[in-house]
Structures are given as C-alpha cells and as structure tokens.
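Report on the following structure.
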Amino acid sequence: MFYHDDELQFEVEVQDPDPQYAKMLQQAIGGAEGEMRVALQYMFQAFAVPAEKQEIRQFLMETACEELGHIEMLATAVSKNLENASDEARREAEQDPIIEEMMHTGQPRQALSAGLHAMPVDSNGNPFTGNWVVASGNLAADMYANVMAESTGRLLATRLYEFTDDPGMKKMLSYMIARDTMHQNQWHAALEDLGEHRPVPASFPQEEENGEYNYAFMSTYKDERDDPEQPWTQGEAPDGKGEFSYTPQQPGGGQPDLDEMIDEMYNEVN
Amino acid sequence: MFYHDDELQFEVEVQDPDPQYAKMLQQAIGGAEGEMRVALQYMFQAFAVPAEKQEIRQFLMETACEELGHIEMLATAVSKNLENASDEARREAEQDPIIEEMMHTGQPRQALSAGLHAMPVDSNGNPFTGNWVVASGNLAADMYANVMAESTGRLLATRLYEFTDDPGMKKMLSYMIARDTMHQNQWHAALEDLGEHRPVPASFPQEEENGEYNYAFMSTYKDERDDPEQPWTQGEAPDGKGEFSYTPQQPGGGQPDLDEMIDEMYNEVN
Amino acid sequence: MFYHDDELQFEVEVQDPDPQYAKMLQQAIGGAEGEMRVALQYMFQAFAVPAEKQEIRQFLMETACEELGHIEMLATAVSKNLENASDEARREAEQDPIIEEMMHTGQPRQALSAGLHAMPVDSNGNPFTGNWVVASGNLAADMYANVMAESTGRLLATRLYEFTDDPGMKKMLSYMIARDTMHQNQWHAALEDLGEHRPVPASFPQEEENGEYNYAFMSTYKDERDDPEQPWTQGEAPDGKGEFSYTPQQPGGGQPDLDEMIDEMYNEVN
Amino acid sequence: MFYHDDELQFEVEVQDPDPQYAKMLQQAIGGAEGEMRVALQYMFQAFAVPAEKQEIRQFLMETACEELGHIEMLATAVSKNLENASDEARREAEQDPIIEEMMHTGQPRQALSAGLHAMPVDSNGNPFTGNWVVASGNLAADMYANVMAESTGRLLATRLYEFTDDPGMKKMLSYMIARDTMHQNQWHAALEDLGEHRPVPASFPQEEENGEYNYAFMSTYKDERDDPEQPWTQGEAPDGKGEFSYTPQQPGGGQPDLDEMIDEMYNEVN
Amino acid sequence: MFYHDDELQFEVEVQDPDPQYAKMLQQAIGGAEGEMRVALQYMFQAFAVPAEKQEIRQFLMETACEELGHIEMLATAVSKNLENASDEARREAEQDPIIEEMMHTGQPRQALSAGLHAMPVDSNGNPFTGNWVVASGNLAADMYANVMAESTGRLLATRLYEFTDDPGMKKMLSYMIARDTMHQNQWHAALEDLGEHRPVPASFPQEEENGEYNYAFMSTYKDERDDPEQPWTQGEAPDGKGEFSYTPQQPGGGQPDLDEMIDEMYNEVN
Amino acid sequence: MFYHDDELQFEVEVQDPDPQYAKMLQQAIGGAEGEMRVALQYMFQAFAVPAEKQEIRQFLMETACEELGHIEMLATAVSKNLENASDEARREAEQDPIIEEMMHTGQPRQALSAGLHAMPVDSNGNPFTGNWVVASGNLAADMYANVMAESTGRLLATRLYEFTDDPGMKKMLSYMIARDTMHQNQWHAALEDLGEHRPVPASFPQEEENGEYNYAFMSTYKDERDDPEQPWTQGEAPDGKGEFSYTPQQPGGGQPDLDEMIDEMYNEVN
C-alpha cells in the first residue's frame, strides 16, 4: 500500500514563469514519454509478480513510487510557470499577460478547465491514456519496455533542458535526467541477469519456429538488390543462436482466395 | 515509394474456421503489439533519416514493407476464420453458427461494420491509434522502441500459437515468430553498433546531470530498508560510467508553495 | 512525495476464481467510476492547492494515497480470479478452461497482452483516460466532482458485490463500499464548510447574470404545457437567492445570420 | 421525439470577431464541461426512466432540449468569431488575417477541416467523446453527475465571460450563466427531494458494509500524524448515520501471494 | 432551437428481450454508422450555413431532428431488450439470466455503469466520438459524407434486421430502413442539383492541377502490368472533363534529402 | 505483398521552411481527410475481396499503394519545413527560431517527441485512429466512403494549396490535387458500374421496408410548415423506384413504457 509526506522529492523553483514552458512540461506529465506512464507501468508490472519473486516486485514498486513523486514535482513546476508575479502588477495591466499567452499556446484548457494548473494531458493537450502502460506478464518484455520508456523519457528531459534558461527548471531537470540515467541502467542490469539478447520470450522452443527465415534479413526492395553487408545481414546474430544471412526476396505464399461472404451480410457488390 | 504484387508473403490456410480465433488475431493486426504498429513505426522512423545515412533509411524501410505484408496475411487469416463452410450447410441450420459465435465474442462490429472481415482494431475491439508509433528522431531510442515492439509482438505471436490447434494457423505463426526472432536480432545488432547500454541520448554531457543521484538506487519504502544487494544496487553500472549505490531515502525538496491563482480564474474556495 | 510498503491495504482472497468476474473488476480499476480516476483526481486537485491552504492539500493527498492502495487490491483480485487452481489439473484438461473462458469474455487482451493480469482498462476493455480526471482549480467544483465520482464508484462497488458469491470478494468489496461511504461523507462535509447549494463559482457577481432566466424552469415542450408544480418549478431555490418560476417558452433570439465564408476555404456549394 | 424552429434560443451577436476566442468557445461546445455533454447526458438519463416516473423523464428531457439549443448558439458564436468583416477588405490585405490567426491558434483544423465553422471538439482540438456522458440508472448518482456538470460548466462560462470584452459575447454568456444557475438549483432541488447526503446508492444495506471503516478518516501519511480536527475527522457525518473518527493507519491486509502463471502465457522471467 | 414531446417517433416493442441484441443495437446508437453520428453531423452542417441559403439550413435541420428521435427509439429498444420479464420469475431463478448474459456479451459496462440501459457507445463498447462528425464547410463534400453515412447506416440496419426474429424489432427496423432509403435519396437529389460527379471542390481551377496525372490510373504493381481495360482506365471520366488513361509507372521524384537535425534535438545516432 | 524503392513518388522541395505549415500538413498525413486513412482504407477493403473478384482487389490495392507513397511525400515535406537553413545561421541566433516557432504552434510534441519530424497525428495533434478506416464488406458502401474520403481529401489539399506561397509546396500539392481528381473519378466510375443511386445495400428487398415512409420528406418543424417544393420533396427519387412526397408530421409511436429495473442494479431513486 502507499504513503506520502508533505515534501516534494526534490526542490522545484521557477525564476521566470513561462506559460509556453508550462505547456511543454505537460509532455513529461501525461505524454507517451512521461511520468504518469512509467509510474503506472512499473506499478502494474509489480502487481503481476508472483509471491516467490518478491524481490522483483519490490524492485519495481520502489521505482513506481519514485515516479509518482516526479509527477508531483512536474505538476508543481507547471503551476509555478503559470503563476502571476504579483497581484498588483496584474491589476495594472489592461489585460493579463499570462492569460494572453495561454490563448496563444494552443492549450486554452489549462486556463479554462484547470484554472492554470497541471492536467493529466500531454503537451499537445491530448489526455493521458492507459494505452501507454505495458505490463505483459513476461519480465524480459517488460524490462525492454522499461528501457524504451526511460530512453524516450530521458530524451524528452534533455530536450526540455535545452528549451529553458530558467536556473530552477534546469536544476530540476538535471536531477530528473540523472534519475533516468539510473533507471536505464537498472533495467539493463536486470536484463543482463536474465541473459541479454535472447529473443523474447526465450522459452518458446526454437524448433517450432520456421528455421528458414529466423536469421535472414529479407529485402523488400522492388528489384533484387545486393547484400548491403551490414551488421544485420552477416555475422553471428546477437542471440548467439544463429548466423545472419541476406535474402533479396520475400517467400511468396500464393494469392489469397476468400469465398464470397454470406447473404445476411449484404456483402454483394450492388 | 511503394509497390505490391498479387501474392501473400507466406501462405495462409485455415482448416477449421474459428470466429473467436479471428478476434484474437485482431490483436496482431491493430493492437499495441501488432503489425500496423511496427509497419508504421519503421516507416515514420525511415521518413526522418537524413540523406547521409541512406543505409539506415533502407534498413528501416525494408522491414516496414515486410510488416505491411504481415498485415495482409493476418487480415486474410481473419477472413478465413470467419468464412462459412458452404452455403447449403448454412441455410440448413436454423441459425447461422458463425453469426451466433460473433454475437458471443464481444466483437459484433466484425459482423455489423465489416461483414465478417478484418478491421484496424485490436482484439478488444479498440481502434488502432497513431499513439503506438514511436519515431523519436534519435536512432538509439528508436531501436529500443523497436526491440520492445518486437519483444511484445513475438510474445503475442507465441501466445496465439498456443491458443490454436489449426495446422494452417500454426504454420503461419511459426513463420511470423521466426521473423520476429530475426527482427529482434537485427535491432540488437544495430544497437551493438551504436554502443550498447549507453544512456539515451548518449550525447547529453554527463557533467550536466545531477552527479549525486545518477547511479543510486533510491528506495521509497515507508521505513528504511537495508540494501537488498541486487545487481542494480551494487557493482558497475551497465553503461560503464558509474558504480551503483543504494540510498534508503528520497532527497526531499521542501513543501511546494504555490501562490493563490488570479481572480479571473474563479479559483476561490467558495 | 510517495512511499509504499509490502502489504496490501486490506486482505484480498478469492475462493473460486472466475475470469468473467476478473473482467468486471476491471471497471473498478480503469473505468469511469474506478480507482485510477479517483487516485489521480485527488492527486491533481492536491497539486493545485496554494501554500496557505495546506490542510486542504493534506486532506486530498491522504485520500489519493488510499485510492492507490485500492488499485493494488483490485489488481491483485483480478490476477487471483485468473489464476489456475493447480498445475496438474490444468495439464489434465484437454484445453485450459481459464483460457477458454477468456476467449469468451470479450477481453482476450487480458490473456494476449497481459498474461492474465490486471490492465489499466475498463470492463469493456477501453483504456483508462486522463479525461476522467477533474481538477478545476475551484474547490467547490472539485468537491462536487468528488461526490459524483464516489457516488458512481460506490454504485459500481455495490453492483459488483451483487454479482459475486465469492466470500473473499464480498469481504473485499464490503471494505471498499465502507470506504466509499466515508469518502462521500467527507466531501459533503467539505461542501457544508464552503456553504452548500451556492451556484459554483459562488464569487461570480449575481448582477452580471441575466436576471430574467436564472430561476426560471424553461419548458421546451412542443406545445405550451402547464406548470407541473414540481420542487424545481416553484418555491425557494436551494441557493436561497431566488424563487423558482415556470416559463413555457424559450426566449427566442432571431435567426442566425452568417455571412458567406471566404474563397480560400472553398466553402461554395459546388 | 424532437422538433425545431428557425430561431436561436437567445440572440448571438459578435461585434469584434476574434479567432482565438472562437477556439475558446469550442470548450463550451465539445469539451468535458460543454453543452454536447449535458444535452446528451440528460437525454440518455431520460431514456432510462421507467413509465411510472414520467415526471422525471419530462424534467430531464425539458433541459436536454434546452441544451441542444445552447450548442446551436455557441456554434453560431464560433462562426461569427471566424467570419470576415467584408469581402473587399479581405481582398485588399496581402494575407487574410483570420487565416493567419487560425494558423497561430493551435487549431488549424477549424480552417482545414471545417472551413472556419464550429466542430464537435474542445478548445484543445480533442474530439467530443461519449465518455463524458453519465447515465448510471440511479437517479441520485445521475443528479450528482448533473450538479457537477453544471458546476464545471458554469465555472467555464464565467471564465469565458472574463476573457472577452465583446458586448455581444458578454450578453450571450450572461444568459448562459443564468441558465447554469437555474440548472444547478434544479438538480439540487431534486436531490433534496431524494434525501440529501445519503450515500449513493442509498438502498444498499448498511450492515453489509465493513462497519469499522465507513466513518473513519484514514491517514496515509508516512508517519503517524495527529487528528487534524477538521469537519471530516470529527462530528456527525453528513448522512446522519455515523460519527466521524480519525485513524492514522491503514488496516494492512498481508502481502499479495500470486501463483506463477501458466506455461501457455510465456510468463517466465527469461 | 429545439423542442420535444412525450412520444416516440415510431413504436418500439420487444417480444423476446435479448441482451445480445441490445448490444448489437448499440452500434446503431453510438457507432460509426449510428444515429448519434448523423444527428450531430446534419446539425453541425446546418450550423455553418450562411443566411442566404436558409432553405439548405432547414433541409439539414429537418433531418437532424428526425435522427435525434431515432436515438430515442433505439435507446428504448436497448432498455426493452435488457428488461426482465417479471420480478417473480427473476427471484425464482438462482441466478439472474439477464445478468448472466450481460457477463457473457463482452459489454459488462451496460450492467455496471448504466444499470442495463442504453449508452453512447458502439457495439464493441467504444465511446461515441466527435471524430465521426463531418461538416466540412463545403456543401458537396458534406452531401457525399451524408450519402456515405446513410449507406453504411442502412447496411447496418439491414444486418440488424437479419439478426433478429423479434417482430417488434423487425417492425422498428423496417421503418428505419425506409427512412435511410429516403435519406440516401434526398442527399443524392441535392447532389444532382449541385452537378454530380464534379470533383469536390468544383471551384478549384483545373489549370492549377498537374494536368498529366489527373485522369491517369496509376499502377503500383511491382512489375509493369498491361492496362486491365476497366471502366476506370479508359473512356470518358465521370466528371466529363477528361479521358481516363492507364500508366504502369509512378512518376518518381528523386530521393528525399533531409539535412541532419539540430543539436538541441539530440537527434544524433548515439 | 509489398515492395518499395528509394525514390519519392513525386518531387518534394521546400524553398522557405515554415513550421506552421508543417503543422498544417500533418492534417494530410494523420487526419480524418489524410493519406494514412485512404491508404489503410483501400487496403482493408482489398483484403476483404473474394477470389472471383480479383480485378476489384487489384483496383483497390493499386491505389492503396499509391497513397502509401503520398504519406512518404508529406512526411518529407513536414521534415523539410522544420529543417534549419544552415548550421551557422542557427548558432548565431540567440535562440533557434524554428524551436521558438514550434513552441508557438500549439504542437510542441513535434519538437519534444519527434525531433522535428513527421508524426502519425493530425494538425491539431490528435493521433491517427483506425476509426477513420471504412471497409464495410459491401462494395457500393465502400465506394461511397471512398468518394467521400477523396472529396474531403481534395478539399483539404486545395485549402493547403491556398495557405502557402512556397513554389515547391504548390507543385507537390498540384500533383496531389490531380491525383485526388483521378481518384474521385475512378470511384465514381466503379459506382456507375454498380448502378448509381440505388440505396445501399441494393439487395435488401424493398417490400420489407416500411412502404409509407421510404420516399417521404419528413418535417420536424415545431409547427406544420408547407412543402418547400425542393428537389427532395417532389419528383422522382434518384433511385428511380419511388416518388418524393412531403409530410409535415412525424408518425408518432406512443410513449415509451419501460419497466422498473431489477434490484441488483440499485436503480431505485434514492
């Protein structure tokens, strides 16, 4: 079960509020590469771990909980980028500059629906979706999903880092980038433990695969093209269980031959 | 640009049509782990490759095109699992058994909207979404997304393989599982080429990360818990640039301290 | 920030696993009335609370954290309803009955994508969406959203309670229904504190409203119909600031009179 | 069944067309707080009312029909905010200023897909979704959903009122805010009739709830924290059927103890 | 503006309630081919009609209003297919057969979220989406969208007609199919008026099109294939403004030649 | 199966990169009127064609493949509109102007998630959805869906043509508009072949329709209104099987009379 305290996980300060940056930060909250995704992903993966693998459940839950704290940090950063400097300055201005900016950022909902606070949406204003969450029941597949989530997440964080000059935001992102470094490393460490590069799922018997096509790079080029002699067309495959080859042709399986559909479907042509 | 011919990429035969299996195959067409996702993912990744990396564009496009052919194979398989044995047999029956089954599978749209053919939806009937497609502009991130897509894709294919006794379906899936083995291996080969285990993006300067927290496994357990001495809490990190440590506490960054929002937002409490 | 420990918040036992019930429980995880919604809703509401209202932030966060624990309980319940009794029994059967059931429940993704575990989807298999989360920046509006979320949530829980005979499931739901009772009461208590029945937002000046129509029940019946003399057509309005009346006619505002659109839009008729 | 006439329900005039304001008005058409939501919500609630409660069906349908008229008013307002002043002025300008603005508002679809007219989308450009519509089959739950919809709807309308100086728009919104005042009051009046503050659904027998936890405010704070002595931790609960108490601890239900999943799922760890 | 009365547009009787059929009817309510789509589509098209084309606005609004009545009819049909025969019979049964059926239809939300009534979702349980609504600002494009909506709508209605033996349902559908016949005809009549077969938008100057490719059927077959001599490869084109030809090759436009992206994007390969 | 080569289908040059125009082009990639929709629509329609109608399958597949090439062209155009002029110029500027623009266009994801490249989303940033794809199993319905898709697609292309002065973009769009002219014509040619204006599906027996209402224009105006004497209220219907008439009244089907729902649903009023 879960607990909280009153502090943020790491300090969140904003020197120069910037509504456009608030919008960009939303990508790190509710986007495909964001913290809601990883928090829930690690959590649902943990929920599926059987009793005898308690250390894996803990491994996942430790990080799930950390990511919840990142959502809180980013939400605070969004609010602070939308806050007004002072009440007086605001009243003096004929029109509120923050509101004016919101109307131009393409995300008026942040003003209209949320009163200038964080929302569970991405930087384009699309709502977070459970579709992002991968919890496959297979630990290796989950670990690759986690490496990928942290890779695109760290890529996002570094891009956000470049797009601001605010020292408070840079400090917060420097911390988050560091955590993404750690998380990429920890999922890789787990994969090393499982035996890297083995095709997932490793337990499917190799003899039930089609043995002619499981290490052949298949060209779909219109005309036959020579082997480009790349690391993926020759040499030992990374899984150590086959040798790459190159085939300039797709096998071909004859024309599809569907029957006419039944009357009740009104599938006739006119 | 793209071409086609009249043949399937590999033969698709169904001995015993099974509407429920048709529904399951939809996951491999329009689902998160399906062929529409990988075909479009490799295509959009290819579209972003600059001129001087032509071999990478080709690498991606070769496989994108192959996956388009897999959509066609699976769509044919869905239709064949929904086809009726014979017109006569059907009319003799008081009620069409295929229709009856469709009504029970929870996906009546396949009868109502598509006349018993394949649709761009997953096995739960949810439409395919562009959300599945990852093309980040960073090759390493893209390759991890590809490894992940093929891992969950092969996991799906092996599960589908177990859920059928139809020899035609097993043969088709044995081919597809083989291709997924190849594809996992080829993306791994590309990652080896880029220098594996380097945190993505590798070019972000390490000195701009928070140096205190980029190799520390951070526990979020309610009470302090000892280092579990796992591969991710001690030893050299997979990226070779740091040493794992264990910290039982989150840093803590003080309480968030938001101002009151402005009047025009009607954010008051009552 | 957030913490966890290794225990569930309340015990989760399943005597007779039932895949169909697992599917129904998904509504309480990822559905409109589910726990992901309320956990994230209370959390995003808390994230927006200004510093001087710390007790409100705590009020919301206490319950947000409790709801995270409910997700964990329900996810465990889903897994337990999908678990096999014994490995032996399963192998003896020609076909796995759980798998067979899954194929019939209309949610094969639970087998295909999640290996028979919980997913962030509802009982129809639709993914959780950030759209469910209401955090408006206005406390009274948020409280009504919370009362509504707990009302439909408790309604769902009581329906789930009726649809099972499993004593473990009934015990778990009896606990959850109790918590929903508490939560409905606590949001009502907060509303009482704010002054109930005041139109939200209460601070909008009444004189800027159209004074002719703010307490009039407006009939849209085709022909004029007499005042039905209901509590909403006569007597003092609940907000205490007006008297209900009945008007059998909509005001009428003349015909809309749009100009032709400009050429660049190709809005012409042919 | 439904009828119409040629007039708007209330006059809609725009003095100074403003494309950005058109975009904001979309929130009141297709957004979570918008008129499509309430029109359809009251309609689907009405569709479910049994014959002997005809007055309730009428109550709901009267207002559903009124809200349909609000969609029409707002759609007219959107078109008028996007209309050009005069054909001549437009041709004189080197570039059409309205088009230029549309390209900057982050919602080019209004030009590209709708020729500068209203669309069933919200102010972020997200399509209206049936997810917004709550019709639970339980009248009290529905009424709370209605109070909440009108609360966030009126909040939206007051925010829109602040964001414009156009006298036509202010007049239209003054009318709509008045109607939202009425609608909030009328749903409250219905709730008073049903017996307010009773936990929904009121008919679930209290003795089947867990009696230990249905009036206890449960803290999830990391460390034990004293009773904050708030209206929700002490005193009689609003439903009048229990006394609030404070518990600093979650009950705790032991560790989840899932079995290993079956072979066909390829749920093994490598 | 809109009005209603207390009657259905046409009688809705159900002799033998059938929960599975209720689910299928949902496709005609909230699905791509359903009544919510056409009601809103015609309404939004009407909202965009300029003042001098009042007869077109009326034409569209007349039918929009009729379709609202169809939603009501279908919603009533759904409820009646989910109603229990008698309270006594139900209590006698150990388990409620309707509930049992609902659990098997793959749409438990109809029980859990709506208390066995209609919902704004399709037959797969996916929510209605504003995406269905086409209102382009161009009357001819809108008319083709309407023909298409009524074509797939009538196709759906005829399929639903086949899938039931209930005389009440057959009578209701016979009425709805008749209305779809009328509506297809009326949109065709409007298109005849506009000059059929003219490429939409007709006002785009033909000389600004690429004149080499606007009447050429372009083969994308892998190898050159002979003109199949079909109505679309030879003879006068339906718009009367060109002659069909056949070209076995795509023009070819050289290789794409993108620059490397900038540093801040971390688009490098490692 | 599918093939490709290294060239674009038609040249794509951009003289003056324009990030806002890149955003608008996204509508033609991933939007309702875009190329992903038609490519997949024609493909799924082709997948459903039975063996004896091979020429129809080819007809559809030829064009599906062409549209895939249009996605590639448009994606290249998006990238080229987001590319920087020169590396030097960029470094000289204090702030990158392209990035600055992206932050203002309301679609920051193009920078944050895709590194300034094309994405499978529309111009509002909403992801492509399989919902766009219509493949009904009925050829005539499919052809109307195709006419409609090409009509709104060409309308979009002509609007995009007006919104740019870039000669490269104008040339590309002139080609695409030409192809849309061809495609509208080819689907019309196929419809002529099937017998135009016949209500879809044509095979449903006319005598099973309600014969009183299948050629009557039904007014829903509040008060009885005279026949407006339009082409859709009098004269022969386009299908040649009936005569239009005008009826000022909806038939009326009595009041709906639903029973009370069962106890387990907690559908009571309080």
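Lettered A, B, C, D, E and F in written order, each chain numbered from 1.
Note that in this section a residue touches a chain if its C-beta (ideal position, glycine included) is under 8 Å from a C-beta of that chain, and two chains touch if they have at least 3 such contacts.
Given the structure is predicted, the values throughout are model-derived calculations rather than measurements.
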item	value
For chain A and chain C, chains touching each	B, D, E, F
Graph separation of chain C and chain E (steps between touching chains)	1
Where chain B and chain E overlap in contact partners, by chain label	A, C, D, F
Taking each chain's C-alpha mean as its centre, the one farthest from chain D	B
Equivalent of A-C within the choices C-E, B-E or D-E, defined by over half of its residue contact pairs recurring	D-E
Interface residue overlap between copies chain A and chain D, same or different (over half shared)	different
A-F or B-D - the one linked by more C-beta pairs in contact	A-F
Distance between chain centroids, defined by C-alpha means - chain C, chain F (Å)	34
Centre-of-Cα separation between chain B and chain A, whole angstrom	12
Geometric centre distance via CA averages, chain F-chain B, whole Å	26
Multi-partner residues of chain B (each touching 2 or more other chains)	1-9, 32, 47-48, 54, 58, 61-62, 65-66, 69, 72, 76, 79, 99, 104-107, 111, 113, 115-117, 121, 124-127, 129, 131, 136-138, 140, 152, 155, 158-159, 163, 201, 204, 220-222, 250, 252, 255-256, 258-259, 261, 264-267
Chain-level touch network, classified as line, ring, star, complete or other	complete
Residue numbers on chain C that touch chain F, as the complex places them	155, 158-159, 162-163, 222, 264-266
Interfacial residue positions of chain A with respect to chain C in the complex	1-9, 30, 36, 40, 43-44, 47-48, 54, 57-58, 61-62, 64-66, 68-69, 71-72, 75-76, 79, 113-121, 127-131, 133, 135-138
Chain C to chain B touching residues, read off their complex	1-5, 47-54, 56, 99, 103-109, 111-113, 121, 124-127, 137-140, 194-195, 198, 201-204
Chain C contact footprint on chain B (complex, rising order)	20, 23-24, 27, 31-33, 104-107, 122-126, 152, 156, 159-160, 163, 220-223, 250, 252, 255-261, 265-270
Touch list for chain A against partner chain B, complex	3, 6-12, 32, 55, 58-59, 61-63, 65-66, 69, 72-73, 76, 79-80, 83-84, 87, 90, 96, 98-99, 111, 115-117, 129, 131-132, 134, 136, 138, 140-141, 144-145, 147-148, 150-152, 154-155, 158, 161, 174-175, 177-182, 184-186, 188-190, 192-193, 197, 199-201, 204, 208-222, 228, 230-232, 235, 237-239, 242, 244, 250-256, 258-259, 261-262, 264-267
